[in-house]
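In the two complexes below, subunit A is the common chain; its partner is subunit B in one and subunit C in the other.
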Partner chain A sequence: MVNPPSIDELFDSASGGDRRALGKLLTMVEQRGDAAAAVSEQAHRSAGRAKVVGVTGAPGAGKSTITGRLAATSGAARPAILAIDPSSPLTGGAILGDRIRMDNHVSSGAFIRSMATRGHPGGLAVAVPDAVRVLDAAGCDPIFVETVGVGQVEVSIAAAADTTVVVVTPGWGDAVQANKAGLLEVADIFVVNKADRPDARGARRDLELMLDLGHRGDWRAPIVLTTAIEGTGIDELWTEIERHTAHLHESGDLNRRRCRRRRDEVTDRIEVGLRDQVQRIISSESGEAALGRVDQHEISPATAAKLLLDALNPNNPCEGT
Partner chain B sequence: MSDSSSRDSLLSDTDTPIRVVLAKLGLDGHDRGLKVVARTLRDAGMEVIYLGLRQTTDSIVAACEQEDADVIGLSMHNAGHLTLAPRMVQAVNDAGLDVPVVIGGIVPAEDVPILIDIGVAAVLGPGASAEEVVSAVRSVASRQAAAQ
Partner chain C sequence: MVNPPSIDELFDSASGGDRRALGKLLTMVEQRGDAAAAVSEQAHRSAGRAKVVGVTGAPGAGKSTITGRLAATSGAARPAILAIDPSSPLTGGAILGDRIRMDNHVSSGAFIRSMATRGHPGGLAVAVPDAVRVLDAAGCDPIFVETVGVGQVEVSIAAAADTTVVVVTPGWGDAVQANKAGLLEVADIFVVNKADRPDARGARRDLELMLDLGHRGDWRAPIVLTTAIEGTGIDELWTEIERHTAHLHESGDLNRRRCRRRRDEVTDRIEVGLRDQVQRIISSESGEAALGRVDQHEISPATAAKLLLDALNPNNPCEGT
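Moving on to the complex of A and B:
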């Protein structure tokens, strides 16, 4: 067999529009480890050019259809979509079904990649920014990141974008639900999809009311009514996304957001690394021994944890319990 | 078909799940079986990229490239397999992809050797159990991984 292409070669091909090379690079960053680090390193040097749009909302709200339509409406030569679905916590498998809602609208051009959460605690928080970075470095722009808006991690991933779009539907519950889900805080733009249904206006009114109570900074999230399956309202949504982009540039928020995003990512990576270490300690010989003593009621869980933490970091013993 | 040693090595070499693109090619609306297969493969720990109905060879090849898929699974229930399967294999080869094509559905026994001959990696008929489906997909995926 011929030697597999180097990372440089893959980036060259991917930048030239080679879907396969880009697909391989994304697989590498998903796998973690040395290759992922090298790809991430390379990508980071040239990343930061693309507009990143997060799309989140409840299951079945129409996120994939909207995202597919947006990619087409953007008129960009090389839009990309990262569609994230959960892995089964039991088997690690996943059914990634977002493409069926997208392909019909995106006849050409858009690069669509489905990603499963793969069960790593916090793993998504690491894999997604790297995947975005690779798409960016390969010249894709804009990049849409679509996640189901349930759970803090998923919401925060879609929120780690330049512009975050939150999709709701008529009858989804009142604005208290949105508050509970933490979606109100992250939304730069609200979409009420399936606006051909009764009470779309009610859903909008509810959101307006909530926004009247206060919003972050000097940007008030606009509310766009869409019927994505027919394509209604998508032009208006794209216009609002562009208006938000302009606002980010004018206010200097773009740099601030991206700066914060990079800091968050470093923090997330440290956390993931530490969690791996914790797993290693727990399954090590001394970990098993300490757990055994806890089971025998010889030492408390707190003491066991302290012993193991001290072993992990002997120069800097953990203070207190 | 089952090859437990290569299956084990496949799982231990990398903890990346096998990625399978599932689709129906052309005009064929019978997708219930494919949905069952999607669930079966997911429960076996694979990542299923589900394209569903009315795909073209182009859309399947594009999905394989973008998703870096390990296996293509095609469901065929409209007696079009002798026409469509060769086109799929040809499209995969033309794109320079090393992705095995597995056919599932209604395929008469006498057509199976014909399909294998034109480059289909495995054919799964109506009687195939969940285990057979999973082991066939694992087996063609690991053969592919070993060849690379």
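Moving on to the complex of A and C:
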């Protein structure tokens, strides 16, 4: 019998390019628990070297194709792609699955990992930074994080990158102008994909107009037209990403961004921990009693929550002791 | 000087059909604080009479038009529409705004209220049930809750209804099949809108197939084809909504659903309360110290979160006293 490799050994192998070892570390992180904490701790010590690029946009905008092409165009020895699957909200199952993702990303040469949201916004907010950290510590660079950019959680995940690329397509119409606006503030670079369609120029004009109205700070998001399926415009897009990286370094924004990201992550992790406590409270005797009173329309859910929160935190009586 | 009307007086006026009083109560609920708690408490006492219909689907699917038409078709004296605006994730500002919503809903005769997510998933999960409660207590019925159905938070809000209608359009393509699958489990009724487009039947066939594979329980979601802009299919859709209402009553599912909803709401409210505490912890001296160690790569964000969580809960030392 051979002992399973230690975390140190797995990191050594992963850093040497062993994809199976890297996959194992990512699985450990996904499954949480003590092993996940140890992997995260180890990875954090050496993480922070890789360029992290978020790619987001509406479903069907061509994000996977763009990401795969970018990974190939980067010329990097070990690019990685973390593709976030929107999960079914009830069962927590992944929708797309590895197979489809792989097809879309095929031939990029990148290490590709598909991650499901597992039906829990909080869980994803915690799992993705850890996965990025592991890829980073294992020497992958650049790291692309790809999400569907419509929901708040999904957008915020893609926005937690050094450079955030927002992909739109021509002819979305009014309703999706809304999304463009929602994505405006997180975009460092805009891509109008499927630029061979008739109204690509119109889409660019709309974006320019919005940037004129909403632009702040000393970086104005460039707009790149691509036809990713044919590879058109990808070189230019990669150049803009590198230009943004240089800007981040020169302006000092890189440190500020990463510092804020770490702060957000600690907050998210505390919330996840608290959520476990909430479940305990709700299932407790006093939780059931409070819910019963809500069902009888005696007290509102707000009041029930307040009663249970007060019960959780015996801080006040202890103060001054 | 005249005193502002009391909460009781506002409810009296709102119940009598005074839209301004109703609007005021909803604003109070949105702004939170003590007044919100009092309004919620008062509303909860008499709420639970209205039929609540969630309408969700991709951006541009025609949800607003369908909802407006349904409100008119219902023949109800006082239908209400709660339209949830996806907010910009960074500033928390609403994207669509009342004006556009109003245009889309025009001529439905319904009381229409637009609500912004304010950049905070938790906030919305709490504000929407309270708004529904106020509308219900004020005698509005049916109440439509309309959200963009792509993100998890957004879908779960629309799913927190007696009947959830999921709107799709023909020709979404593979990528958005994913969304259909994500929405499959929350859908009590499917609508294929823009059914005058060529591949409407294909969309219906895809849905039927997915229902064949994934259908559980004793209600199979019917699929209704509509061309909402012309009003086609809306009568049939309303009939299906009423059929589902009857099913909920007969099967006892209505009580089960509402009971689960109240439980979820209490959970959400506790989480929001805890989140405030998290912010306090993060900003405290020990919070800053822990973040500093994360920045120095001494400890991982996970470890920092654990240290701070332990600091929040002095329960263990107090146990047994």
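Just so we're on the same page, the second predicted complex is superposed on the first by the 284 of 321 C-alpha atoms of A that agree within 3 Å, B and C clash if a C-alpha of one lies under 4 Å from a C-alpha of the other, contacts with A are read in each partner's own complex, and residues count from 1 in each chain.
Keep this in mind: contacts are C-beta pairs under 8 Å (C-beta built on N, C-alpha and C of every residue); 3 or more make two chains touch, one makes a residue touch a chain.
Keep in mind the model is a prediction, meaning the values are calculated, not measured.
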item: Contacts of A:Val294 with subunit B and subunit C, given as first, second, both or neither; value: second
item: First (subunit B), second (subunit C), both or neither touched by A:Leu26; value: first
item: Which of subunit B and subunit C A:Glu41 touches, first, second, both or neither; value: second
item: First (subunit B), second (subunit C), both or neither touched by A:Glu236; value: neither
item: Which superposed partner A:Asp199 touches (first subunit B, second subunit C, both, neither); value: neither
item: Partner, of subunit C and subunit B, that touches more residues belonging to subunit A; value: C
item: Common interface positions of subunit A, toward subunit B and toward subunit C; value: 87-88, 91, 95-96, 100
item: Subunit B - residues contacting subunit A, complex; value: 14-17, 38-39, 41-52, 55, 59, 62-63, 65-68, 95-97, 147-148
item: Partner subunit B, residues of subunit A touching it in the complex; value: 1, 4, 19-20, 22-24, 26-27, 30-31, 87-88, 91-97, 99-100, 103, 111-114, 116, 118
item: Interfacial residue positions of subunit C with respect to subunit A in the complex; value: 36-37, 40-41, 43-48, 58-61, 86-91, 95-96, 100, 117, 119, 121, 126, 129-130, 133, 148, 150-156, 159, 172-176, 178-179, 181-182, 184-186, 259, 262-263, 265-267, 269-275, 277-279, 281-282, 290-291, 294-295, 297, 299-306, 308-309, 312-315, 318
